[in-house]
């Protein structure tokens, strides 16, 4: 399996008037072609910042201050703005949370598609139009030929997100960064969009970085998952492994805290949820050592001093020296 | 942390200290305001004391000119008044009229904006249509019109603070629309926020919600407009005074001084117009620059 | 109970009968002048009836536009129904003669909103926010008021010293705790929770849900719980009502509902919820 996107030791800094805040602190991950990597974390974990770093759209003054980003055999974290612009849309497609703001409200969706297609792949207008209709059909818009002349406001939220996906596909990208693509949608629509993303990924062999806070979406969509906590990777592994056998105390706590429809999780209306005490630390006040140690039940004095790096545990990699070995023993 | 150290430590102060233009503008505005406030103390002469005036001293050029008199640093006007002192007192009048009309416009506009935004319906329609109509005329035209009307109706026996109040009223009335529109827009947003619903839920009355909950949250943009309008109000006052419908001749403002000087500009007495004109320009520019900075600093999307 | 008769048991804390609400659809000004055309209306809620016994949680579930928030606002008296009756402990909330008893009723109803960012006035200190209902209902003043505020803050897991701070100094979960403290301040018996955790992170959501549960059992509170999240509803409620385009399509005890919903729409909703653990598929 060749990795399409590789991040090694990515560091994102935000200069601040009283010093520099380290938003992303040494994150390494990779996505293979045809794979969906779920990047999951609560607010303040830095998940969107990683996506923005890859597409070179970090909001100033945040910037990549260390590490490398490779797309195939090309290093892309040092590219000039105009080179990055060529890459975006062409090799990397983007889907954002709110389909409302991703579409130009003053342009018919057909024109938007044709324009985007021809921007990335020079071709005659007529062929671009055929291609646009094909794309709309592919993302599941009924009667695509007729809908080419519609305005964005004439579509429902779910359909609009489908069109945004069609736009992201227009340049035939190898990698799609989807930042909370279903958060603004209703549950029933969310399920359809998840299915669509999975199908496209399989059909086209596109790699997808799926950024979300919703473990349910990860469970339904991703092949592998990367759990972030306070700008670092807490646990990475195959979805089945991480969700059914979480090892890092944060992942364990997170999984227990999610209300579930599973009858095994207690009687309806009776069982109490397990909770993690405290909250994600703000970027400005991250604890030393393992950032999770103040909330962790199994923390040792060492946890406050030593910053753990992810290391293999079963089929996953876990950044916890206290918990990973014991779980590994139990698993094997 | 005390209130003062916290204020000095705020992001606004940080931005202020990092923007030399804003600092210069603020320093100039403060110096001019201070000069106006302290006019009776620092002015070398009392320009309104007839016993101190001598017609023999009229049209003296500035002190550095060969024909100048060291007693009158910036020269004298047609009546032999010390120009520096007259300007300090004129600045007082200009600033007083400017501040008063901005405050008047602010109170009127904010009140109407709050009512329009929160009450909606016919009150909103009435207020906003009146605002629309007024917006089609330039502010100076309205002020001129109102000042003319008031002057005409109140000409007989008007003295003292009366004409000044009328002037403030006319300038203020030409400015309220901007406040009303801004406040109404903010109210429409704030009134649907959940903290207002929480207050309605426990039966807090509409006026109390408007004043205690919504008003503090809409004042930011209002203060920015007020700062920028201050410069405009001072210029309008000067313009009206220049046209002769402004402050009464007994208490000359900068605009009055410029008009007086204008009569002698072509006979070589340039200083009577130039100095008040320069002060007016510097004042309007620095207040305006400060207002621009404030607008940008409070609106992160522009910064 | 003043009006209780020997034959009836204690009135339910909330009872809603035939509740409907129409909204006018905005029409361009000139077209409004055309005579003979009725103003078009949008019926957000149609003939909804349910009741909640004391100490229980009733969940209203629905997707966006289902009318669940409109019902929440009618039940607390913020929006007047087009038709139907809302009774709080047997008293008609919108009765014309209820003006003087309105304030007394208001004290018994409170609401926790979705977005703790927007539900706390950013310019007010926590003590003023939590103290506002106490002052509005004249429950205490001066030192006694400060003591009450401190007490409520401690009840929701904050400290008395937090009273001096401003909302922006707190995290999202803590802000929702402040909002809950404010809801408790008028000593209500009925609280409407409108998506109280949908703006919060998962680990914080569990804290807030558990807090709401603890408060319910400690203070004997009754909840109307509005949510789009069936897993949360399963955890919180004893009874569930499913709303689709303003119509209550199904109503059942939580156990019965999650064992097998009857309405097609409920089944679709339930099947659309992502399943997190797919059992032992190794």
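A, B and C label the chains in the order they appear, each numbered from 1.
The criterion applied here is as follows: a residue touches a chain if its C-beta (ideal position, glycine included) is under 8 Å from a C-beta of that chain, and two chains touch if they have at least 3 such contacts.
These figures come from a predicted structure and were not determined experimentally.
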item	value
Overall pattern in which the protein chains touch one another (line/ring/star/complete/other)	line
Chain at maximum distance from chain A, centres defined as averaged CA atoms	B
Pair of chains joined by more contacts [C-beta pairs], A-C or B-C	A-C
Geometric centre distance via CA averages, chain B-chain A, whole Å	53
Rounded Å distance between chain B and chain C, as computed from the means of their C-alpha atoms	49
Chain A and chain C, separation of their C-alpha mean positions in angstrom	33
Contact footprint of chain B on chain C as seen in their complex	73, 76-78, 102-103, 106-107, 109-111, 113-115, 118-123, 129, 132-133, 136-137, 179, 182, 186
Complex interface listing, chain C residues touching chain A	57, 63-64, 171-174, 201-207, 209-210, 213, 228-232, 234-238, 254-255, 257-258, 268-270, 272-282
Partner chain C, residues of chain A touching it in the complex	42-43, 186-188, 190-191, 194, 213-217, 219-220, 240, 243-244, 253-263, 267-269, 271-277, 279-280, 282
Residues of chain B that touch chain C when the two form their complex	193-195, 197-204, 213, 216-217
